[in-house]
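Here's the structure we're looking at; comments come further down.
Labels run A, B, C and D following the written order; every chain starts at residue 1.
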Amino acid sequence: MGTFALKDPDSIGVAFLGVGRIGRTHIQTLAGIGNARIVVVADPDLAAAERGRDIARAGRATSDPLEAIGDPDVEVVVITTPTSTHASLIEAALRAGKAIWSEKPIALDLAETDRVVTLWREARLPVQLGFMRRFDPGYVRAKELIEAGELGRIEQFRATSRDTYPPSVDFIQNSGGSFLDMCVHDFDLARFLVGEIEEVSAWGDVLADERFREGGDIDTAVTMLRFRNGALGVVEMSRHSAWGYDIRTEVAGALGKVVVEAPHKTQLTFSRRFGFEGDHYESFPDRFEVAYRLELEAFFRTLAEGGTPAPGPDEALETLRVSLAAKRSWLEGRPIRLDDVTADVPA
Amino acid sequence: MGTFALKDPDSIGVAFLGVGRIGRTHIQTLAGIGNARIVVVADPDLAAAERGRDIARAGRATSDPLEAIGDPDVEVVVITTPTSTHASLIEAALRAGKAIWSEKPIALDLAETDRVVTLWREARLPVQLGFMRRFDPGYVRAKELIEAGELGRIEQFRATSRDTYPPSVDFIQNSGGSFLDMCVHDFDLARFLVGEIEEVSAWGDVLADERFREGGDIDTAVTMLRFRNGALGVVEMSRHSAWGYDIRTEVAGALGKVVVEAPHKTQLTFSRRFGFEGDHYESFPDRFEVAYRLELEAFFRTLAEGGTPAPGPDEALETLRVSLAAKRSWLEGRPIRLDDVTADVPA
Amino acid sequence: MGTFALKDPDSIGVAFLGVGRIGRTHIQTLAGIGNARIVVVADPDLAAAERGRDIARAGRATSDPLEAIGDPDVEVVVITTPTSTHASLIEAALRAGKAIWSEKPIALDLAETDRVVTLWREARLPVQLGFMRRFDPGYVRAKELIEAGELGRIEQFRATSRDTYPPSVDFIQNSGGSFLDMCVHDFDLARFLVGEIEEVSAWGDVLADERFREGGDIDTAVTMLRFRNGALGVVEMSRHSAWGYDIRTEVAGALGKVVVEAPHKTQLTFSRRFGFEGDHYESFPDRFEVAYRLELEAFFRTLAEGGTPAPGPDEALETLRVSLAAKRSWLEGRPIRLDDVTADVPA
Amino acid sequence: MGTFALKDPDSIGVAFLGVGRIGRTHIQTLAGIGNARIVVVADPDLAAAERGRDIARAGRATSDPLEAIGDPDVEVVVITTPTSTHASLIEAALRAGKAIWSEKPIALDLAETDRVVTLWREARLPVQLGFMRRFDPGYVRAKELIEAGELGRIEQFRATSRDTYPPSVDFIQNSGGSFLDMCVHDFDLARFLVGEIEEVSAWGDVLADERFREGGDIDTAVTMLRFRNGALGVVEMSRHSAWGYDIRTEVAGALGKVVVEAPHKTQLTFSRRFGFEGDHYESFPDRFEVAYRLELEAFFRTLAEGGTPAPGPDEALETLRVSLAAKRSWLEGRPIRLDDVTADVPA
């Protein structure tokens, strides 16, 4: 990976940026990773930075992320700040010659993402984006079976994602909308498991929560995918679910199919009144708890081994293009070919 | 139901037409229905008719279906002949004043189906079509929960249908194609469980079996549905499945969702080598064995009680229109509104 | 099978004895079996016999079972009368040279059962007892896997049986008690799947329903089994279950295990409030509906093919001995070897 | 809890004793617990101690566990040394006034365990033993439902435990045998979920691995339990399993039952060739990974909150008595009442 070299693969100096909700999860995970040593925790809210420092028994806290990036003892920057800051912080870290792990997305528009990808290609530094599902053991196993040819030629892809709690109005308006904020995970899995996408056709509507309409967004959608290899796919999305976090993915081929689905959260079945009951996961923190740990472990292990972490900015860019195509398809009421996604959809 | 009246609700005289593969299943079922008495079995192949007569301990066999329909002891005509004969036999039975149970479809084109529906409306006779899934206990329960409001407002519908064995070339060319022959069951369930459909958008391709291309058909498809009540749906189809008959249906609403899915055929799990295994159903005869019995039982029970059997020709017509819309959407590469399905797609 | 020969294997004359609750199920099943022709239906309650005749479209009804057995057109006697009459009716049918299908048990005591077995050995006539679970597709598959060596040497057996509705006091007092009436099915499966039993040790108690204590019986029990081949087993029993009919069986060997278990009655899952729900079977009529049909079909098919139906009286006798051993173990508070079950437990 | 008081509940000084296989798991877990600060790591093998120190970024390493216990900065001693050393190390820690978390068992005989319990009662110090299953979310939920009365009066308990890999001969001879080493977890769950046990009756044999016979042990067993509250239970055990780690537990009451069972390790189902497949857990480290973390977290949280950790030595003693009773029942071929377990079974 370019000229990047670690001083001590067993003790990698880390700057941790952003101690919000997901940040607190990540910093705790990081504290348990053997070869990651958190040098500095940064958050514009210094108290938050200090809480992060204490959780992780890190060296120091600062309110200035750029100062943290610049710390000479820092070799890796971990970014879990709000989406709107990702691109500029990644750029700053790249310019400072640091390796980067960042929450997705790089940015919500194509131009900004393109610029980061270009800089990354020049810098030749290790960068990994937070598509955690790729590290969930179920999806990892699915990928293995597909690559081993156990499914034969892939013919169909199907994903359903329903989130339990609709986000706030504020979040809706800054998220790029449901295709970019939520379907993006399924589009990324589609690419990860089946391959590149050629064309999409999306329908969406507001069926449950009028706040989405006010935010120019939808709460329910279905998107058809046509893959370059000929396979057909479909992605269902809902922003609310009365029965819990509902994430299911299926890949079907000539020889077999795999279904990744987690019906039970707790491994207990309760039978009464002529029936049985079990519980579903509540949301992404419990469903993907293991994946959040494994994606960070993989990043630091790959760094230590001198490998190239993935998924990198190029993957994030391609997945963004699918999201943008789906959004445009919904807005324009017609299928969109990925080849035509060369500029951003006007807001 | 019009002027139709049974002589003896405990012993209803039946003419059974058509002793092919599915016919043999139906006639055996009929033999076990307490208030159905098979007077005559008809099949152009007299030997087949006689086999049917023997299986059912019926009165007599004939090679002439019209003669069987005309038998004065016959009150009900059960039609399990090839698709191309359905419409004319239904018309003959209606003109003879008989009640009818017929395998679906009425016909593969709109004009012919329309004509039968018109005749049926005038005749005011009880007619039920063979959409057996509506009688499967899982779908019955789904319908009950939806009608009881347990799911709240319906927001999403999803169906997957994969058949184990691709049909013969001959069959392909006379079936109306995969949207009419196979997706039709899912479109019918969509209407049964969620309501009328406003618009469809379908993609299809030949991914596994070139014979479908030669027959002007596809073997893989995905169709988006927009329901009049706002719900969005999707129907996946594949004409072959290496893992068995794969039929799953899901309805999701504001309060809950139902999934109808039959993973196990045999209620046995075999564990070995760090894993477990179970079997899938092989095809429709084993998966819907119970439904095939229940649809016929319901028909004769409804007749005996003087009720109106369902689904009738009007339901079959509406479901056909969805199939035709999907086929046209695939052929024309654009969404099709159901309102525009007023004439048949040119062959 | 001795000198027994059918006049016409495609149309076997049957006397059907006993039109009680289970009898009505069996006679309906019989009506659907192609090569069984019910000549006469007998029940001391003539009205019941006539109802049975009408259900099955049988020839005639009588209140005298012995007269029915003696009918020269009768080749097979089907016995679904109360338990206390089984032995004498089987004996009468054997003496009349008829083949027999009878509900289990032959009798509740060893002496009477022994006498019937001896007579059967002399008569060399086809006799099958109603251990329907042996015909359930799950248990059939388990047997196949075991016989094919897929499980390796069998090491453990486990069965749980919980019935939904406790029987009436009257029934309790005439059933021989829970070890003979209910555990008997699991003991029979143990022998069917694993082999002969050498020793049992049983504990029982009344935990839920004091009527069982008054009837000298128990409502809850656990029995350890030691098989002659060295395997160890356990059978759990409860006479009531608030969550439905709860029948599960497991066989574990050196290479694999099989579990026969039917969680779902209806193939529908309902998700709401962060969880999912499904239904259990209600009782034996729905759980073993298919097995009740298959056991009779197998009997008539075996007769037609000139084979020896099973399980016969010898199997019923061995299974009874296990039940009696378990009952004695419970009463005497010590393990009982099967070799010591040579006389009945005093009432 | 007596006079025990922490200097700083947010930073509790810990001595970690024993860095073997399970020790390495525990020390990594401990490193991620926010309020646990590992002061010193001890192992007679100094290199192992140093590895532990590095994993946990602990203060120092030593080969002398007693020296570590005596460190004035140490408030809590965590013991994961070989079984034979548990009792003396617990005693040393109690005499030094330290709180203790120790792997189970305290000891393999009653006299030594009794002595530790007596000392603990006098010392009034917080001690928790490593019965990790009590912290598994499935068992926690089972306990909640039982305590909330959702199951009604408990009537039956059932547990199956099959371990994937048989232990070494050396381990067998020092483990106290299968009733003490393996059934102990199920006996503990029985007490945790249902209540105290009055009587046991156990059968065991060597069916698969003759090394167990040489070690005076068995590899297959079944044990009946009679609880003081009248419930009946059964525990199945096997020391090897070709299909993976097979741990299932069930509690049935008048109103409902709970089943704790983990069929899937990976949340993926692979369908092919008319069937589906999934994987089982491999062994306790993957099946109870979460429980191993939760038991340590609960201990340190309880300490910080000034509560009394459980299960304590009194619980471990009672569970040991059940194991000893089962072992004696197997050896003497008769039921054993817990009241009679007042002295150890002669080796």
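Quick notes on this structure:
Here is the rule we use: contacts are C-beta pairs under 8 Å (C-beta built on N, C-alpha and C of every residue); 3 or more make two chains touch, one makes a residue touch a chain.
Computed from a predicted model, the values in this text were never measured in an experiment.
Listed by label, the chains that touch chain B and also chain C are A, D. Look at the CA centroids: the one farthest from the centroid of chain B belongs to D. Of all residue numbers used at the contact between chain C and chain D, over half are used by both chains, marking a mostly same-residue interface.
Centres computed as Cα averages put chain C at a distance of 43 Å from chain D. Distance between chain B and chain D, defined via averaged C-alpha coordinates, is recorded as 58 Å. With touch defined as above, residues shared between interfaces to two or more other chains in chain A number as follows: 242-243, 246, 255-257, 271-273.
Every residue of chain B that touches chain D in the complex is listed here, in rising order: 164, 242-244, 246, 263, 271-280, 282.
Every residue of chain D that touches chain C in the complex is listed here, in rising order: 152-153, 155-156, 158, 160, 162, 201, 203-205, 207-208, 220-222, 224, 226, 230-234, 236, 238, 240-243, 246, 252, 254-257, 333-335.
The touching residues of chain B, when paired with chain C in their complex, are 28, 31-32, 34, 55, 136-138, 141-142, 145, 150, 255-262, 265-273.
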